[in-house]
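Next up is a structure, given as structure tokens.
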Amino acid sequence: MSSKIRLGILGGGGDSLIGVLHRVASAMFDQYQIVGGVFNPVWEENIGFVKSIGLPTNRVYKDFDTLIEEEVKLPESERMQVVSVLTPNFLHFPMAKKLLENGFNVICEKPMTTTYEEAKILRQTLQMSNKIFAVTYTYTGYPMIRQMKEMISRGDIGKVQKIDAQYYQGWINPIIHDKEKRANTWRLDPEKSGISCCIGDIGTHAFDMIEYVTELKVESVLSDLNYMYSDNKMDVDGTVLIRCSDNVKGVIRTSQIATGEENNFTVQIYGEKAGLKWEQENPNHLYLLEDGKPLRVLKPGHTYNSELSLDGTKLPPGHPEGIFDSMGNIYRGIAKAIKKEEFDSAEFPTIVDGVRGMSFIEKAVESHQKGNVWIKIDA
Amino acid sequence: MSSKIRLGILGGGGDSLIGVLHRVASAMFDQYQIVGGVFNPVWEENIGFVKSIGLPTNRVYKDFDTLIEEEVKLPESERMQVVSVLTPNFLHFPMAKKLLENGFNVICEKPMTTTYEEAKILRQTLQMSNKIFAVTYTYTGYPMIRQMKEMISRGDIGKVQKIDAQYYQGWINPIIHDKEKRANTWRLDPEKSGISCCIGDIGTHAFDMIEYVTELKVESVLSDLNYMYSDNKMDVDGTVLIRCSDNVKGVIRTSQIATGEENNFTVQIYGEKAGLKWEQENPNHLYLLEDGKPLRVLKPGHTYNSELSLDGTKLPPGHPEGIFDSMGNIYRGIAKAIKKEEFDSAEFPTIVDGVRGMSFIEKAVESHQKGNVWIKIDA
Amino acid sequence: MSSKIRLGILGGGGDSLIGVLHRVASAMFDQYQIVGGVFNPVWEENIGFVKSIGLPTNRVYKDFDTLIEEEVKLPESERMQVVSVLTPNFLHFPMAKKLLENGFNVICEKPMTTTYEEAKILRQTLQMSNKIFAVTYTYTGYPMIRQMKEMISRGDIGKVQKIDAQYYQGWINPIIHDKEKRANTWRLDPEKSGISCCIGDIGTHAFDMIEYVTELKVESVLSDLNYMYSDNKMDVDGTVLIRCSDNVKGVIRTSQIATGEENNFTVQIYGEKAGLKWEQENPNHLYLLEDGKPLRVLKPGHTYNSELSLDGTKLPPGHPEGIFDSMGNIYRGIAKAIKKEEFDSAEFPTIVDGVRGMSFIEKAVESHQKGNVWIKIDA
Amino acid sequence: MSSKIRLGILGGGGDSLIGVLHRVASAMFDQYQIVGGVFNPVWEENIGFVKSIGLPTNRVYKDFDTLIEEEVKLPESERMQVVSVLTPNFLHFPMAKKLLENGFNVICEKPMTTTYEEAKILRQTLQMSNKIFAVTYTYTGYPMIRQMKEMISRGDIGKVQKIDAQYYQGWINPIIHDKEKRANTWRLDPEKSGISCCIGDIGTHAFDMIEYVTELKVESVLSDLNYMYSDNKMDVDGTVLIRCSDNVKGVIRTSQIATGEENNFTVQIYGEKAGLKWEQENPNHLYLLEDGKPLRVLKPGHTYNSELSLDGTKLPPGHPEGIFDSMGNIYRGIAKAIKKEEFDSAEFPTIVDGVRGMSFIEKAVESHQKGNVWIKIDA
């Protein structure tokens, strides 16, 4: 009998990429054992997939409600301890809510919900449940992001005075200029994707990252979005001016029509004493800039890094780790929390990140619609 | 008797860096001979400097008015053909104006004037003078910037759909947090530097560069500036949302408190077919991004570059050229114009750039002061 | 009952880094289930470790011989299908040999054996066994290395004419200058590590990589090694001139006293039509150099990559994968081979790589000892 | 009357690239005035060129002998003070010799002579002349190379223990595979280019650079050259193992068939305390590597640089300078020496560099011809 954490999975079947990411991440630190789930709404595909990945089929359920029903019947020592929700966005909220209500810990893909309203309800549900809840903003698990957070927190760069985050992709470019394609992509359909495409999908990553590394709160936003065509209902590009407490200003720049860009997410934080820069596509380098001193490039695995950063590095310096390792670190933090039933919010994103992210999306869209005016973040 | 263009210089004496830049640039293509000027307002320093750089002293004048007076007496074949104005900013306008009125071609450092009003007057003066007038936005002389312009112009990236320029420096950081220092720096004194520090000094470079490479006109701006302290009267950081014709949106990001940054000026232009990126601190690389194709890195001196770009490269690929070479290319374009008495506006920045730059500064400041609202560029 | 491949593991317990690497790699494509092994020679640590990673303890054995004895008693449908040998180097040979003789497939860490003689014996054992045997030269699993191999193989760079591989580390620097430390490091003790340190440990990686990507065979070597101190018996640095068939010359440069280097392994291959370059510390970039054309940077996950490369990429472009993913690709290739009982030698390193690697080590040392003369590779 | 140093030039007319490089370099610090020379052996082209670059024609001579004859007649206060020899290689020796014998300071392009024998004669001539003699190994003028030299000299990296220099170009690739082209290129004709192509042209740069930055002397060499075709008489690629005093080993790698490479010259020096790396194509970055510390990137113009490095930087950090600036620094050093009639050998390469470079070429070729054996450097 394995003593690993019993993990259930909702969604992520077939050739789902997010499914691979979560499965590998869960295996990385020998903490979890996938015991079952609902990987696909169609039974044949559900069971076929489970066989294809070589898992036992006895706890694969025909649907989510059945999973809940059957799992709660099991003795606590066999029951799933945590369930990862990897289903389409609109299902995150009802599934996460019901899981919490039935006593399961939850790992939820982002966006956590489709509206800020739902997010607040989920927060309330969680408060009553006393369970662990994580939202998988994958990038916060990178060792050099954790190092960045620690350096800012302990004052290495002094008081933050300037924030700039970029998240540029190009994948909507081949879609947006084709009338038919843009009408038929689910990501550009508000029914399926909520009120925002670009801000909702990648802007929230940038927003969450800023709050994660600086430990500041974004207080208000002024955005200028771009829809490109009058018949397109969802933003595919947007620049958001931000203001934090203490006169800290900044900008979040996002695009899905930055032609040729892959997943170019960068964070630049400047303080009174130094600046720090990081690029997701080269995630093992953290740049430290100081007035009149040589640029320094910090890398994972060195003893000069903080404990939090070192925790997330498995091999010695020079052995590059990537995005699977970043997600693995988040799963590891969640495992610690489940085992201890307490946790350090630096180790994985929580309901706070999820709720604030939903408020950010709604306020950024509202700012644009009202003519590029300042709107306060609510949460 | 040399047959080079006779160049006079105003300012740039002592250990002026801008003086070195212009002198070297003027020498680069064997086109100019420095025949005299006023290098310093104090006579001893003026004449001492001229001796220290080994120039003849016979046409070093005690002041600007004397220079005009004496030079116009000379036969046309001996008279200065062009005068470079490298004096403090507030002198650019009166000197450039009087030079044009007296029949001299003018090379003027940026900012061209201290107000938009002056800029328009200067434009009028120029129209009546039939002389060559250049504003030295140095960076537009880089070979890969010229290549970028040509590629966009001939449609290599398709219709432009997204613009992003960054100009980050950190040099004001050690000044701004010290009450005494910030009170006594001329760059932060509106009397000496006009209405803007950061936008005026570096924002204009970004603005001009965008219009140079895309051949679009920025139509309106919405800016959020940062003054950091209530007793500081000049912006030291600012983000400017921009809108161009044809639904093209973008952002200009500038800072002089981006601690540790040196001269980090970058331009990213994305079109329907491809994206182009360039970084001033690594000026010999031009990045071409296309959907689903390998990233391409173009470098100077290759036959795949345009004629305009190749003109500005003196050595074969792999021999890095720098900012002196960029300014040299601008001087070369001016020399061609002086000799032909006609010119290609791609080869050096003109009065149009100067006037529009001044409008940009005033409108960016106005936008901020009115509460971050959209203001139209006038020129 | 899981339908995954049943994997046993020898060694890799405690805080072994190589243990983590193999466990994660085995999990990456849902192909393997770790069913048991001997993780540590001390029973308490062996069983303690297994519990700490949450595995069932019923097939953890007290030693290697017991493992063989007990596993062969199991029905074929339960027996370990493959065993990974992660023990100290001198145990690789006897364990791998006995495993093959008892009908197990084997995954063996490098160096495969401690002598070329042993390597040849193992090759013979394998030939009689009809089993799958892999040596884990980790780096050959990187997607862009696989792309490099395919491009060279299909003629993209024309006939190869110049080879240069570098493997520079600095970790022995703090040891070598301290008489006591260098006397007591097992890596510098021929009893424990064989006849070579630097060539044996990292030179073989470079040698194998060259043969992997070019599909050429290195025919002879001339080496100059560096032992630094007369009381040190093992090379810590060495440059090896190489000659392949068809007049192809090259160089393998290795060092463990390249102070400050982490794991700086690079490969440069130049052909008649183009050049290809790759760097392990930035493994997702493959540089294609052609006369008079822009440099191209190929990245994983794009459809322009070969099938072999794409097989080894789990996420879309811009999501960096690292060394765990590289080893995961090798494990995946081995899984395919085990299931099909046939295999493509491009998907994982085989006995051929292992034998040739051992010959390379011995000949490089011999060349140095004979006064830097050419010695033929035997295998 | 200008008080600049009076410079004469031999060669460098027409569209000679080396001519541009020297003219611009001489102008960079306001130290020289070109007063005449022989720019082309054909009179019409000679005088035509001088007019095209706008110089006075009165001291343009019909040939070298006339130049000497006429210049020595001039009073010392008007006579050329230094002459730059930019003619084809075989003319360097006779011209430089006669110039020294007639009391002129000399700036000589590399290779200084065509044989080591000539080089020694020239050294003797110089000793008797008491004049300044410089060989223009251009790359030693880069600020970060000068910083590297100073850092090694003052012990920042401790005792040097490993040297690696690479100089890879690809320009001969399109020539070497075409029988006719390779037969008709002057660079591959021993009559015109001496005994070596690749080692002679670029290997010497690497050799000189190593001795410049480390202040060590290369004592012996073992080389393996590549001629590619049996009808080709000149090396187009070569790897040279080197040994310096104190057990320091290293390698010089050169190629002109590294397809697609432009001018990829790199230097890596590792010491007991740290390593230093530099790349010519990105010359403003100097990388400092230390065990267990963040990588540091030093850049020009900062006060943390040595005086020698800062001398060679004209603008503040972030304003990239290039190869013209590097040569300008060398010309500046020569100007100082001419004015003081004494000099610091760190500021420009001298006869010592020239003589040792010629010995290196001959010994590297000899080593190859004798079957890749060790040969001592003579000088």
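Order of writing sets the labels: A, B, C and D. Residues in every chain begin at 1.
To be clear about the criterion, a contact is a pair of C-beta atoms (placed from the backbone, for glycine too) under 8 Å apart; a residue touches a chain by one contact, two chains touch by 3 or more.
Every value quoted in this text rests on a predicted model; they were computed, and no experiment measured them.
Among the remaining chains, the Cα-based centre furthest from that of chain C is the centre of B.
Between the interfaces C-D and A-D, more contacting C-beta pairs are found at C-D. Note on chain placement: the centre of chain A and the centre of chain C lie 35 Å apart, centres being C-alpha means. Taking each chain's centre as the mean of its C-alpha atoms, chain C lies 43 Å from chain D. Taking each chain's centre as the mean of its C-alpha atoms, chain A lies 55 Å from chain D.
Annotation for chain D: residues 261, 288, 293, 295, 299 touch two or more other chains. By the touch rule above, chain B contacts chain D in their complex via residues 1-5, 17, 20-21, 23-24, 27-28, 30-31, 33, 51-56, 169, 261-264, 280-284, 299, 314-325, 328. Interface of chain C with chain D (complex): residues 157, 161-162, 164, 166, 168, 170, 173-174, 177, 222, 224, 226, 228, 237, 239, 241, 247, 249, 251, 253, 255, 257-261, 268, 270-275, 288-291, 293, 295, 372, 374.
Across the complex, chain B is touched by residues 288, 292-299, 302-304 of chain C.
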